[in-house]
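As structure tokens, here come the structures.
Shared chain: chain A. Partners: chain B in the first complex, chain C in the second.
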Partner chain A sequence: MTVATDPVAVAPAKSRFRLSWPWILLGIAGILVVMSLLRIVTGVDDLDSSGTIRATLIAAVPIGLAGLGGLWSERAGVVNIGLEGMMMLGTFGAGYFGYFYGPWQGVVGAILLGAAGGLLHAVATVYFGVDHIVSGVAINIIAAGAVQYLAGMAFTGVPGGGQTQSPPIDRLPSITISGLSEPLGEIERENWFVVSDAAAVLRALVTNMSVLTIIALALFVATWWLLWRTAFGLRLRSVGESPAAAESLGVNVYRYKFIAVITSGGLAGLAGGFLALVAANAFRDGQTGGRGYIGLAAMIFGNWRPGGLFAGSMLFGYTDTLRLRGGGETVHALLLLVAVFLVLLALWQWRQHGRRSALIAAVLGVVVAGIYMVSDQVPNELATMTPYLTTLLVLAVFSQNLRMPAADGKIYRKGSAG
Partner chain B sequence: MTDSRMTRIALAVAAPVLALVTAFVITSVVLILAGDDWLGVWGQILSWPSNRTMVNIVNSATVYYLSAVAVAIGFRMNLFNIGVDGQYRVASFAAAWVAGEAWLPGYLNIVLALLAGMFVGAMWAGIAGLLRVTRGVSEVISTIMLNAIATAVVAYFLRKVAIRTEGSNIISTKPIAEESRIPGIPFLGGEIYGFVVVAVLVGVAYWVVINRTRFGFDLRAAGQNESAAVASGIDVKRMILVTMLLSGAAAGLVGMPLLFGQDYAYGSTFQSGLGFAGIAIALLGRNHPVGIALGALLFAFLDQQSNPLQILLDVSPDIVKVTQGVIVLAVVIAYEVVRRYGVRIEQRQVAAALDAETREKEVSA
Partner chain C sequence: MSSTTTAGTAPVGSGDVVVRLRGIGKTFPGVIANHDIDIEVRRGTIHAIVGENGAGKSTLMKILYGVQKPDSGTIEIDGEQVSFSSPSDAIAHGVGMVFQHFMLADNLTVLENVVLGAERLHGIGDAAREEIRRLSATYGLDIDPDDLVADLGVGARQRIEILKVLYRGARIIILDEPTAVLVPQEVEEMFDNLRGLKAEGLAVIFISHKLDEVLSVADTVTVVRRGTTVATLPGDSVTSRQLAELMVGSELPSPSTEASTVTDVEVLEVADLCLPDPAGGRPLLSDVSFAIHRGEILGIAGVEGNGQAELVESIMGMRPAATGRIELNDGDIAGWSTRRRREAGIGYIPEDRHRQGLLLDAPLWENRILGHQTRRPNVKGPFIDRAGARADTERIVEAYDVRTPGIDTLARALSGGNQQKLIVGREMSGEPSLLIAAHPTRGVDVGAQAAIWDHIKQARREGLAVLLISADLDELIGLSDTIKVLLRGRIVGTFDPARVTPQQLGSAMTGATEEETQS
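Right after this comes the complex of A and B.
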């Protein structure tokens, strides 16, 4: 009999890449240079105009908040595919309380209704031990039905409202620093390499910035601090990594899971509320459009970390914005970037000795570049699939470098620690 | 029949009953809180359906059944094929296009179109399977993304091949010729889809393959305990891929009753969302072909009976979607509760038996 060698032990221990400030700044600078180059090469100025970036931020916030919801829940070991349903509840909460009581009440309503969905998910998965995906799917069905039924009741007959949409809601305050916005706008119009692009980004940040966007950004920082810098966060994450060990150390596993999943629902609800209150100014049926799922994908892309999730949601928000603003033409410009990315990926895979995947990436890169050359715009129907295709592509490339919480999706019964 | 067997049967029946009662209570509470006439709503939904409604129930249950079987194939292998929705839309479009072009005469055309639909459905699901096997992408996320991509792809190709009906915005593929349609079966004075027969055959085939073949055994083994399956020499990656392909091929059939028995073309108004109902029904029927049939009939019954609610009582029929969702969640919770209760009873019986044994020994010693 031969002794089997443990493949894990043989593999050389790789030092993990740490995201630190110099790397973040370098990354931002790199993205600016690439976008600037792409803008000049393709001649599509809208690729990184301040309008596009502002729209990107608005598209990214709901995705990011939903992803943050997923992060809370999965860090405690509960897979939450019901984010989409909780978001729907949030859109209705924002519509109902926003219209009848005021926009801030709408924010609270969105969070509360989302959290109610989270509570349902927590009861089913944590207390009753139902499969997490089954419960999530059921919650999505219930939420869709409930929102349609409630909307029909709340908004039919109301002036400006109807069976499937609320009347316009008052806007939340937004902030413009006009002393900065104007001069930055001038620099942006000059079309200087990199400088104009940086100005566009800064201008987007100081013009018409909704308060809710700022709150959302603060929630990212707060989540990072709570989960990675406090004892509470350590316990919550330990529940997602090894519930038995956590319980043996006296952590109340059920309580932490409940807190995490309810928070998750609240964040998803806020994501829905953002859609109704900031991205649009009314509740509409079907407003979420699968953003809960994209948020989940952004979280996976971000390796279950707030920083990565932020990058992921910006990426998806950006592709979503491009299709909405420029449609086929702008998405077409993006093809060139995808082609370059695929070729770089092929080279990297070649170095990592992944000959076959390198070949696949190279062939795909050449095909995309070919499409870019022979066509001059992407048909509008196909442009609508940009964010989803990006999600798939990104997951296909990166999912093997990711590590999810060890007990994620596993059902834990109290007292299993023995 | 022994006592324990009786309890087991009672417990098995208890779960769905418990779930239905829960759904009934929760829906009623929602209706009462909303100030709707809840007794009137139940009076309408639980009334005996008219003959025409009966025909509609059977028809819509047929479609649900196929969708649920497609989902169930994945479930048996622990795969969540949430993408049945996209798969059947892509497949229906492909089949409608093939059938509309009418390369073959009469019934041969139907066979060709069905094969085309199943092939396209399988390929669309195969993308998710391939990503899972080669790149480790969760099929849950990839199939959801593929659903959205399917919408875009179908819209694009529909515009390429479509013909526009005079004076309307609806575009669709070429209608299927008279001789290539599937005739209906007379039922209660109306006609149900001829495709009902195919749905039944699919159900039988599903049962036979899963329960009576080597492949089905491997599939269930891999679904229940992957490491044990690997240890016994099952190639799990290959099983994942094959299961996804089979599930997608079954999903390819979902739209066919509508295509060959009702619409005769794929247009922008083709029914969507059937895949999600399929997930719910597969869970409800516990992946068993007969259970799924009962679940499909229940869902179709609720759908059809709630249709007149808006006109009769000014209540939105969307309320039954809440009922349906609650049924799904309640049924899985009920199965879990009942299982735990059953385990406890069993433990108590074993403990009692052991106690008696030790006592006897002590007496004899």
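Right after this comes the complex of A and C.
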């Protein structure tokens, strides 16, 4: 019973950390300094070259968009493990409409097919009360089969296409500000501490930036504004926190859940569309490669908030990029950072939670540092695992401090209020 | 005017009638929840509606708040006849409701909880924040709009609920059992808030079955029994005994008719039972000691949340952290598992039959096996004995008058009373020597209530020791041979039910008078 709770003792609530602009800028500066130090200590320049950063952005956008889909859905209380399937539908939608009608039509097609997957999930979970995980997994399986079947129908016999892939699609426009790009490149090549690294980041942002990437970044801001600054968003979040309370105040719970899950599908579809239209330039079967799940992990890492999700998807995008670019050598350099991070974590844990978890972190930190010392390259097979290992590691460390929407994953029946 | 079967004088209200209910009736399949309800509520008054659990108070208020539609009768608000099809309609007419279970989202701020669904009034930003501060100051609610609800205590949450209703411009506020979750000091604070609302000219409808609280705050009291209003009385000229009699009618079991069957054979002895709070607060139980003899019913009284549930769960072995001595039939059972305790002869009617007593989606005969899964007639060797269990379920259905189409019916399909009768029948089989009954008649209809009382009396005559926990003081007084009062995890008084009044118990329960009477 909560009766014993003394209101006076509880009242002075601990001040909750709010992400404000100074903090964000400080964080970015901190990351730059750390990366710059790491680059100089290890001598691996590719750690934060503008190429790596551009590739990171391209790898991060699909993860981030999928995570954004998850965020919409879970904020309204529906767990959406079907993101992966909705992404697959999106890749096909982009491939089909992109090839036959044009790249912008491809974007629309990706969103619409993803949203159709979302609609299916919404009908199953909200209307029929199917378990969210069961419905989501079913959508993943159905989508995989449907996409194979549809691709076979659409692209067999088309020049350049086949059973499992579409012909190349026209590129979406991309933006380069050459007046900035060139001089920034010069600075980057000088290898100055921090300055060159900042230049690399800026150069990545003004060189060959796809319009769809800009749209994706705008969607993060739009989501934050819609969900946290409008009455619509308050209602949508209340449905995920306490649907009974929302209904008792006249909120149509089913309607908001439907809107959220369909939007979620649309965003996941757009994530798939980005893979087919920007990351590659054609639809291929199996193009999603589990990014829907990683998007879900990034969302959890981000504590169901857009800012955190953005950081999470950048992290996963970065590790994914390292895997694809330098491979063993860059990942090896990263080990040093992980070791330092683990030791810092151990110190922090010692103060916050107690000795056992601190000890585990410290031992792990020493082990990683040892591996860094005795080897000079991570085997490529292991480097391939980096994004997934990062997912596990990050979630294991951060999950203690996370709080999901209170009614997330619970089935709600209309009329349960009162 | 109210149709009163007993005494009924017109209350001298301080204002116009703002709510008039006439001839309200509501039937659910198999149950008449309300019939011929007549109530008038006046502006600037606190109007209490009292009645037992299951008397139909909550249904009535849901009708007034538009959650349910009445089958017959009319509702008038400010003299205008209205028909509500949803809570939004009720809100639009100035009727607001504070539910028994708080309708708050923990992870949202007070501001967000309050403006939800009413964003059009003042937006969701600074204008709304200002309005909440103003209301909070006007009615002395002491609420900060930017607190997170998760950080607030029960009393503050209730004030948020009241604020939510005020924010929507309600002039008629319904409170459904608002004191059930509060500790005594918080109850007093809430009553002060209610008096503040009254002074501002609002009408407050206050539902309760705790008579002392009702009498301390209400201007007018309407008694509901078996779904209908039986009397409307002014709050200052009625005693809680009168109200209790009106509430239960002739159903009140009379202790004097039952000869004592108490023997001197101890069945259960509990000594120095302590249970620390896992969250680190004050202990949930401290130094609880008592004994129950063959043929004795020991009643435990207390405001909900003062350790009753923890006491029962400690005796059942569901609280491993409990320390102290628990002896059943002279054998120490302190270290035993729950199953072993049950096998040793403890029958247990749990407090929440949906959470602990039944598998709602299993048929009755499978529910019969629960808790008796190691004993005949349910098992033969390592296997379930279907035939035996089914035959014995038929016996229980017959003997305990469980109204069901058959033993393959799902437990969910039964009414609360019939579910409870099945549990009582199950727990009485297997020859228990001790029966623990936690709120055995909570939320069951009056017929089932009488039947369950009869079964408990029957058990006593057959020489069982019974530990009875109840929030219904009349039930405790009617059934028990001894009553002990639990307050903040301690036994603070022992009473003889033949001589104690509900008021005396009530004041012991709230700690108003400690250790006053010894039997």
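Keep in mind that, in the parts below, the second predicted complex is superposed on the first by the 403 of 418 C-alpha atoms of A that agree within 3 Å, B and C clash if a C-alpha of one lies under 4 Å from a C-alpha of the other, contacts with A are read in each partner's own complex, and residues count from 1 in each chain.
As a convention for this text, a residue touches a chain if its C-beta (ideal position, glycine included) is under 8 Å from a C-beta of that chain, and two chains touch if they have at least 3 such contacts.
Bear in mind that the values here come from a model prediction, so they are computed numbers and not experimental data.
Contacts of A:237 after superposition: chain C is touched, whereas chain B is not reached. Of the two partner chains placed by superposition, only chain C is touched by A:405; chain B is not. Touch criterion not met for A:22: it reaches neither chain B nor chain C.
Residue contacts after overlaying the shared chain place A:43 against neither chain B nor chain C. Legend: residue contacts after superposition of the two complexes on their common chain; A:246 is shown touching chain C, with no touch to chain B. In the superposition on chain A, no contact is made by A:159 with either chain B or chain C. Of the two partner chains, chain B is the only one touched by A:149; chain C is not.
Touch criterion met: A:391 reaches chain B, while chain C stays clear of it. Residues common to the contacts of chain A with chain B and with chain C across the two structures: none.
Against chain A, the residues of chain B that register as touching in their complex are 30, 34, 36, 80, 82, 131, 135-138, 140-142, 144-149, 151-153, 155-156, 159, 276, 279-280, 283, 316, 318-326, 328-329, 332-333, 336-337.
The part of chain A that touches chain C in the complex is made up of residues 1-7, 10-11, 13, 16, 229-231, 234-235, 237-238, 241-242, 244-246, 248-251, 403, 405-406, 417-418. Within the complex formed with chain A, the chain C residues making contact are 62, 65, 67, 86-88, 91, 97, 99, 102-108, 112-113, 115-120, 123-124, 147-148, 151-156, 164, 181-183, 186, 277, 281-282, 304-306, 309. Interface of chain A with chain B (complex): residues 81, 120, 124, 128-131, 133-135, 137-146, 148-150, 152-153, 163, 290, 293, 296-297, 300, 379, 381-385, 388-389, 391-392, 395-397, 399-400.
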